[in-house]
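What follows is a group of structures, each given as structure tokens.
The following pair of complexes shares a single chain, chain A, combined with chain B in the former and chain C in the latter.
Here is the complex of A and B:
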């Protein structure tokens, strides 16, 4: 029987993604981590297999599936053993591209959505700036109306896929004095004059993912680069952030589950004081706490995903899922490293990578503190 | 005036002196050393020259103490170098290798190994942990067998700070595989004490009575000795 909220079709999809991940991604994890990047070919291969467009309509090359298919993908991608790759793909499937589908014109969809789902164009999302992130209203990148289009100036930072992207979904200020109504979205070809990748950021974890700082200097965008209505960018990107957070939560908890499995296996095999450490109460209880918290957080992810799938917009549950999974994943990573002991701290076991990768979840896509802010507000506090 | 009850004006002066050294000679290089994955071994001789390794040891072994609070001041201030690896490495030398040598060594061993270590002319490490045993010290596999007046040591050690460049390592090894037989392969009373502290807890009563310890003994092993591989 399928695990709620999934059907047998989802299970079949899970099997086929898992087989692909095990055969074509996981064996290269070490190499891609060391290199700080994975080949672009991974995107086209994922596109070829239909994994980038699972929940999009068939007319754009999608699979016509439901939202839960995306959750299955996010969960199974964690089997690659490299969080950076999982994140890079999620940026394509669930962050940078959804606004195109939701707010794009038919022409924009043909031009950008179709190659995005095929993995022919790689996307990045330009929200964060040196001085603004979740505080989207404070962004300083401006798009000034000029004859025939827009002139963009500014800077974006922590941009996943930033170095390799062909297209950026950009958030910019179109009216400095209009507050939340002064923000708009654009779709930008990264070969546009004035678009410049300034540098690649070195990070604690997520090493296979390229993260860049990007600048725009008098970058001219034609009229039809505007995505959605002028002045609605704040609300549209707030919508996007919900999908971003939920897919992040799904990946986080699936990753935590894998860490648990690895630590459990090690605890049964490693002996101290004459018995496996799993048989010492301290370790056994640690593992029991871990799996309990993981499964509880997992249910919250599924609850939120199930609501999204039913057409709801469950900001409250998504924020809770993002907050809880980030904290549980980090706590799990820390306790798993504890179980692996000295080997866990040495760079020889994969747990150190999972530990480094897991730390991002409490920061990326909106910090724990931003999640608490959102939840607090919804609760009338 | 000192800002805590513990420390004297002399401690405050020492703190200022160590802080000056750390800020000038260590902290500016932290980024570079972190990137390289090591720092110059000459730092040990510099720290030794300043007398910072010798605070808790008496003058007869080359120290200036014992003053454990002064030693604490140094440990606190070394953290200011912003590289946990550097302070851990200096600490492994001062607080592990030197301390074991002082506590359990003969006066001959003090003069031969401890004095140069305190003066920063040699670098030491402590080797207890193995691939399959750590805090579970009684499970160590590294063995030391009598060979006339010598000992032959076989085994491997893991996670040894300063292990790659140490000039000497204090090694814990099993001198008696059959615990009941514990036939005195020890090196004096002081070492016996370590041995008991290091192993006792998890042994059954009968074994404890018979052996008193897991047959473990400490040795000083010098780099350059045949068979020593870092």
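Here is the complex of A and C:
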């Protein structure tokens, strides 16, 4: 029987993604991590297999499935053993592209959504700036109305897929004095004059994903680059962030489960004081705590995903899932490293990478603190 | 004649001498039959396998050492034969647990100072993040853990200086400093947000370095075992 909230179709999808990940992605994890990137070909291959458009309508080349298909993809991608790749793909499927489908014109969907789902165009998402991240209303990048379009100036930082992207979903200020109503979204071809990748950022973890800083200098965008209505960008990007957080939470907890499995295996093998460390109460209880927390956090993710699937907009559950999975994934990573001891700290075992990757969850897509802020407000505080 | 391998040896590939603990009497039972030797690294039977790549503390080499029919003179014996566990190993552990971790206290100070400076500068929701209570509390907690870690380490170091028995105090210090260093490094990263995760700021290095304190020189679990037994054993 399928595990709630999934159906047999989801299980079949899971099997086919798992087979692909094991055969074509996992064997390259070390190489891609060392190189700080993976080939663009991974996107087109995922597109070919239909994995980039699982929940999108068939008329755009999607699979016509439901939202839970995306959760299955995010969970199974963690089997690649490299969080950077998992994140880069999630940026395409669940962060930069959804606003295009939700707010784009028919013309924009034909031009951008179709190649996005086919993996022919790689997307990035331009929200964070050097001086503003989760506080989206404080962004300083401006799009000024000019004859025939918009003139954009500013900078974006921490942009996943930033170096390789063909298209950016951009958040910019169209009216400096209008506060939350002064923000709009744009869809930008990265070969537009004035768009420049300034540098690649070196990070603690997520090494196979390229992260860039990008600048816009008098970048002209035509009228039809506006995505959604002018002035509605703040609300539209707030909608996008819900999908981003939930898919991040799903991947984080699936990754935590894999770390647990590895630590459990090691604890049964490694001997101290005459017996496997799993037989020492300190380690056995540590593992028991871990799996209890992982499964509890996973249920919160499924609860939120189930609500999204039913057409609800569960900001409360999503924020809770993001907060809890970030903390549980980090705690799991740290305790697993502790179980691996010296080998955990050496670069030869994969646990160190999971540890470095897991730390991002508590920062990216809105920090723990921002999640607490959102939950606190929803609870009327 | 010494045979065997050692792993996770700090300074292994640059050392001139190695103090090696080896089994001299396999039948002597737990805690006995182990002796210490001073081995010069130009000894023909000594070789360095390789340096291990590790997450943090990256400016120091961590090596694999091999002893292959490594012949040492009778005067290479350090301390009494069969007594190395008590005379050398535990003595080293005490040093390690009181002195080595002092550098983490300096690291905690640097993280705290860095976090304070950044919190005053960085704006969110219209004011410096230092003016948001969640950040004020983080900084306050960091300060409390920093002070407590420093004092618990000083206590163990003072007892060592005075020649008082301090094995339990050293374990308490090692365990608590490891917890506090990791906690403060994480809080500092969290305050720095995205900048805490990239390599341009020293904050991310602090978490990678701090993790070793809970593993090297006896894991935190071993420290808790020592403390627990000292309290519970008759």
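By our rule, the second predicted complex is superposed on the first by the 381 of 381 C-alpha atoms of A that agree within 3 Å, B and C clash if a C-alpha of one lies under 4 Å from a C-alpha of the other, contacts with A are read in each partner's own complex, and residues count from 1 in each chain.
Here is the rule we use: contacts are C-beta pairs under 8 Å (C-beta built on N, C-alpha and C of every residue); 3 or more make two chains touch, one makes a residue touch a chain.
A quick note: this is a predicted structure, and the numbers were derived from the prediction, not measured.
*Asks:* Is the arrangement of chain B and chain C around the shared chain A a clash or a fit after superposition?
*Replies:* Clash: chain B and chain C overlap once superposed on chain A.
*Asks:* May I ask you to decide whether A:341 touches chain B, chain C, both, or neither, giving the answer as first, second, both or neither?
*Replies:* both
*Asks:* Once the shared chain is lined up, is A:271 touching chain B (first), chain C (second), both, or neither of them?
*Replies:* Touch status of A:271: first partner only.
*Asks:* Which partner does A:201 contact after superposing on A: first (chain B), second (chain C), both, neither?
*Replies:* second
*Asks:* Mind telling me which of the two, chain B or chain C, contacts the most residues of chain A?
*Replies:* C
*Asks:* With the two complexes superposed on chain A, say which partner A:131 touches: chain B (first), chain C (second), both, or neither.
*Replies:* second
*Asks:* Have a look at where A:355 lands relative to chain B and chain C in the superposition and call it first, second, both or neither.
*Replies:* second
*Asks:* Output check: A:49 vs chain B and chain C. Expected answer is one of first, second, both, neither. What do you get?
*Replies:* Neither partner.
*Asks:* Where on chain A do chain B and chain C both make contact?
*Replies:* Shared contact residues on chain A: 341-342, 346.
*Asks:* Within the complex, which stretch of chain A touches chain B?
*Replies:* That would be residues 271-274, 341-342, 346 of chain A.
*Asks:* Which stretch or stretches of chain C touch chain A in the complex?
*Replies:* 7-8, 52-56, 62, 122-126, 134-135, 182, 189-190, 193-194, 196-200, 204, 207-208, 211-212, 214-216, 219-221, 224-225
*Asks:* In their shared complex, at which residues does chain B touch chain A?
*Replies:* The contact residues of chain B facing chain A are 129, 132-136, 138-139, 158-159, 202.
*Asks:* Quick one: which bits of chain A touch chain C in the complex? Just the residue numbers, please.
*Replies:* Counting only chain A, the residues touching chain C are 128, 131-135, 138, 157-158, 201-205, 211, 282-283, 334, 337-338, 341-342, 344-348, 352, 355-356, 359-360, 362-364, 367-369, 372.
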